[in-house]
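First the structure, which I've put down as structure tokens, then a few questions once you've had a look.
Naming follows writing order (A, B, C and D), and every chain is counted from residue 1.
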Amino acid sequence: MSYLMKNRSRIAAAGLALGVLGAAGGANAQEIKMWNLADAGGGEAEFLLDAAAEFSETHPGVTFVFETFPNEAYKTQIQIALAGSSPPDVFFNWSGEDAMRLARDGLALDLTEYANAEGGFAHEMSDGWLSSFAIDGRYYGMPTHAVSKYFYYSTAFFEEHGLSEPTTIAELGGLCTSIREIDSSIVPWPLGNNDRWKLNHLITMLNHRVLGDAGTAADYNLSAPADELFTNPGYVTAWQAVLDLQSAGCFEGAPNATAHESANAMFSAEASPMIYCGSWCAAQFHGEGFTEFGLFRLPAFEGGAGDPGAGFLVPTGYQVSAKTEHPELVAQWISSLVSDENAAKFASTMEAIPSNATLIDTVDGTEHYKWIAEDMASATGSVNVLDVLLENNVSNAYLDAGVEILNGTKTPEEVMADIRAVAIAAQDAM
Amino acid sequence: MNSPFGTQKQAGGRRTMSSGASNAILLLPALSLCMIFIFVPAMLAISGSLYSYGLTSPTRDFVGLGNYIKLVQDSIFWVSLKNNLIIVFGSIVLQIGIGCVLAAILDRGITFGSTFFRTIIFMPVIVSAVAVAVVWLIILDPNIGMLNKIVQSVGLTPPSLGWLGDPKISIWIVLGVAAWQQTGFMMVLILAGLQGVPQERYEAAALDGARGLRAFWYITLPSIRNILIVAVLITTIGGFKVFDFVFVLTKGGPANATQVLGTYTYLQAFTLGNLGYANAIAVVLLLIAVLIGWLQLKVSRQA
Amino acid sequence: MMSKFRITKIALYGIMILWSTFVLMPLVWMVLASFKTRREMFTAPYDLPSALTLDSFERAWGVGLGWFIANSALITVSSVGLIILVSGTAAYVLARAKSVWLRMAYIAIVVGFAVPVAAVIVPLYQMVSAAGFVNSYVGLIIVTSAYGIPFTVILFFAFFLDFPKELEEAARLDGCSKQQIFFRIIIPLSGPAVASAAIFQAVFVWNEFLLALLLLNSPGRKTIPVGILQLQGEFTSDWPAIMAGLSLATVPLLLVFIVLQKYFVRSLAGLGK
Amino acid sequence: MSFLEITNIVKDYGAFRAINDVSFSVEEGEFIVMVGPSGCGKSTLLRSLAGLEDITSGSLILGGRDITRDEPADRGVAMVFQNYALYPHMTVAQNMGFGLKMAGQSKADVKVAVERAAKTLRITDHLHKRPKMLSGGQRQRVAIGRAITRSPDVFLFDEPLSNLDASLRAQMRVELGHLHAELGATMIYVTHDQVEAMTMASRIIVLNGGDIEQIGTPLELYNKPANRFVAEFLGSPRINLFDGKIAAINAQTASIKIDGIADHLEISLSSDSGPMASGDKVTVGIRPESINDTAPWKIPAKISVIESLGRETLFYVNADPVKTLDPDAKDPLFAVHKSNQITAQIGDDISLGIPQEGVFLFNEAGETVRYPITQTAP
């Protein structure tokens, strides 16, 4: 080990020297720098390296630099890097307001021509997928896959105690109460909200279940008149649902101080029987050696306007920096990532739902993957998550509101008043 | 000249530089670095605070004092300022207070093992605040954290919202973690001062009947007055500079309860993209910095 | 009388042991936890590890900890060198200054010490970015150095005020220019002050976070504090790996400190002047 | 033109004038000692010569060269500092050779010069040592050696012996005297110790408040001080002074009335006496060694303190109501010097015989108006 360390640091030192020279001499004309999310799973790195090797065969002289960032840091760093002098050529992004703002501010490249060129990604996927990164029919990004969110539950625990999947939010609360009755020290559903987005994903879905798409759209894109913004009592109802779940004993005692990693670990270590987690979590749980779980969609809200068939769906993909020195090459590179073969390969290594589903049936995924793929295909609608959908300040206010609600420091009415104030200010600034 | 060693030849060509020019050569590198990277950005922050613009937006709009008007109405700004003050005064009490006690014990209270204790207690100072915060993050974890276990083992109930999740106590936890790291620094700083107090002074005091705590109060403290002033200044400046601890421990949460001016500037600038507004917060920090700098000069001249 | 004396002694030792334990526990736990398995972290987080496995160290190292350490070392050595050099020369001029302008320059530098990086980070980032120095070691080294200068100037200023004037005068008679006096007479005799400043700045630069976070954003160029944060983000619930990474990043430094602690302590003595 | 011409030197520190229009000249090979109380400007003057202080106005000509604005190293002067100012990080040899090295001389030349100087000062054995390994006296030698190595036109000494103990100081005085003779070099030496001035100087310059009071050989200054300040400054114990009033005067004699003494003190006058008039207040001066038992004019007194030094004896007597004008003493006592041992006891009554030949008179402005009649040794 110590020999290895020594050797590596020598290599590191040599690399540093080169790096300094590189920085001084300007970027290599054939270098593609690509940013990705760090905790997307180990499979992604391998997939990209393989794809890069393949791409280099047809495009000799191209080199790749892959850089990754953890979730929270990513959102900040990508903005900083794009505004700065040394942005990546191509970068991961969620479809949503952030991606659109980068397009509007001229930092994300218009890829329409490249996408429609021969071999371009526009030929690989449906218009529905393409629209996730489009403004007025112009493509400012290329979706690779979508993520969703489900309840994961321990099948062994549910069987042992005769529990069943809930069909309404109220039943979900009842489920928590039952679990607490079995053993009050068990946290039925660890939230892990210390990064704030865990509850944000839940409230996204609750807003939808209560208000429906039509009830929220004008508020979310700030197009409603100022005196009507976020005034729908449904928002308060959704928050109240969170409070009801909390008082039903669902969450851990200190959700705002618990990391989502801890919450995940509580589930995979079978300390907790249930968790609301992204579609990407299945691969993670498998990786941690826990496979005995089932899945269900967030249930309906009685009397809610939302379509219970609609699922949480965030398309994700790549955008290209407007400052890249070789846009065509970069466009070819990302297009190659959604070729039939690569898309299938991506789907199988990542257990993800690819934007190009041509060869999806050939993918030999796990049971859980197949379940998720089927469910997403059968969804009758899609709900994008608030923290990428809303304008930055409103999104932040919504994130903070979740913390206040869970801590009991503000009532649903109070947090909605806060959000409304921020939304009005943001609308003003537009 | 009839020196037996002959006359020293004056090197004719040598012409020494004028005093002004050589002053400039020696002074300018440091001065220009400070100017370019501290004062110019400070000026830009002041001018930038009069505009509204985003991190990625291509244009900026002049809003005059608009950002400042928003600032005084922004409760999170006042919470941040209050938190900075809590950290400043709390750190003075904890770090300098405890540091003083520990230093006094090391100086005259105990002999055996004093180097050992001094080394241990100073150790956290050289660990980066980020690493300190990450370790504490896990210790403070409400589900598996050590602190909960310890508190429960003595029969107390840990806060139900978590040490860092409860807005009423989270800022005090940040303060405590900072004290865990920095007290050793203050202890060693004060110890250095104590060791400069001549033994005769204590002997004279003993003859005058002042021993133990009275000697500490009447002899020791006045003797290390200068070092205490330096310690208070460093702590005050550090209290307004605080960023890393908060950023890693709480990111300003829960719901901005631990936000400080530094992290709030960062949040507004880089997370929310309100650069103009972030600059207005920064200007407040700058004003405080100038005030402290002025105080520092005042007392250092006096000292 | 004797017993009162002993009780006092025991109480004093009690206080020292209490605080030392408080300080030591997290550090010891950090190291112990690095040897645990992930399951052990949950089942028995505060027991001794069942077996001394180095797995978590390998996982942590795999993130590029070696790079982080190398980056931090490069940046620390360069910045500290630069800081000492320019602060030393500047403080020398300022300590000997009689003119109002130089007096004002000193005041400006002192005020600069109180300016938090966070307060100027927005324009600073834009300036560095506009100059094309984002992601460049040189950029970070220069900017970090700028923030290390004020404190170092203050430190050297106090030292030079006490420096025997006759030595400089003797050197002038011996034909030294101001620069020669500084480099041939003052610097060789400023060992304690230089060591003091170097130690302070090494700790400051090594641990500097905000500038490194913003100015070096590609993972290959990260410094230790930023790398640790990445480690924390990347290893989700793999706490043994995080603790192993933290141990690798801090324990060598702690050992260096224990060996050199005498000098650290001495270096602080200069501050009270 | 003299070797070193110092003309109209003025040095101001803001509103404070440290040196007030000072001029003098120095011949080659002279040993000039500048004395005066602290703050008199002697060190400032020396440092101005060295170039360590910029003078406000005036000029310095050394060997025909105007060095007024030259850099210190270019003036052809070397200086020995009070606290030696040796570079602690260099060996003795490096210390001594540093000036030549900076002047660009070859290593070999530097070595030769250093070794020669070391031999002169008998410090050859210490050349490889660091200054902190040396005793005070050795350090002093090295400091002098550093000056010698550079073969300057003028040596400047700034109270070089004040950090040494008494016996070493006496020894170094002799050695410096030898060195001056051996090198034949021009030396300017600042001290506040009048013994050093008296023993070593070819000429003494007495400075006071930025002005030169008098320049002359040691004996000239001792015997013919231009004023009361110089008379008081030179001589140990200090000259005894007391008030008097001229009761009567003519071309040959003056009769002085001393309060409390019935008989007038009769003084003979000569051509070098200054103007005096009847009724003038004067200060009478008498050196301790001039007081004897045989003089006709006597003051009754009582012995207060006896200092028996073996070979000689000093005693201090209370001559009330005649008080000496010593601002520092609580009981203004007369000092008396006897060049033998005495048997008297404290409390004994004696008479102080004041021989009129030994009397100084100073007018109200402090100028000397009557010198003692010089007695040359047989």
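By definition in this document, contacts are C-beta pairs under 8 Å (C-beta built on N, C-alpha and C of every residue); 3 or more make two chains touch, one makes a residue touch a chain.
What you are looking at is a predicted structure, and each value in this text was computed from that prediction instead of being measured.
Ranking C-D and A-B by contacting C-beta pairs places A-B first. Seen from the C-alpha centroid of chain D, the farthest chain centroid is that of A.
Chain A and chain D have CA centres that are 93 Å apart. With centres defined as mean CA coordinates, chain D is found 57 Å away from chain C. Averaging C-alpha coordinates per chain places the centre of chain A 38 Å away from that of chain B. Chain A and chain C have centres, each the mean of its CA atoms, that are 37 Å apart. Each of the following residues of chain C touches two or more other chains: 42, 126, 175, 214, 229, 232.
Shown for chain A are the residues that touch two or more other chains, namely 72, 80, 83, 259, 262.
Within chain B, residues 14, 16, 137, 144, 270 each touch two or more of the remaining chains.
Against chain A, the residues of chain B that register as touching in their complex are 52, 54-58, 137, 140-144, 159-167, 251, 253-256, 267, 270-274. Only residues 1, 5, 8-9, 12-13, 15-16, 19-20, 23-24, 33, 38-39, 65, 67-73, 77, 80-81, 83-86, 259, 261-262, 264-265, 268-269, 271, 284, 288 of chain A touch chain C when the two sit together in their complex. On the chain C side of its complex with chain A, the touching residues are 38-39, 42, 54, 57-58, 61, 66-67, 69-71, 74, 125-126, 129-138, 214, 217-221, 229-230, 232-237.
By the touch criterion stated above, chain C contacts chain D in their complex at residues 164, 166-167, 169-176, 180, 185, 188-189. For chain B in complex with chain C, the touching residues are 14, 16-17, 19, 22-23, 25-27, 29-31, 33-42, 44-45, 48, 98, 101-102, 105-106, 109-110, 113, 115, 117-132, 134-139, 144, 146, 149, 180, 183-185, 188-189, 191-193, 195-196, 224, 226-227, 230, 237, 240-241, 243-244, 247-248, 261-263, 265-266, 269-270, 275, 278-279, 282-283, 285-286, 288-290, 292-294, 296-297, 300.
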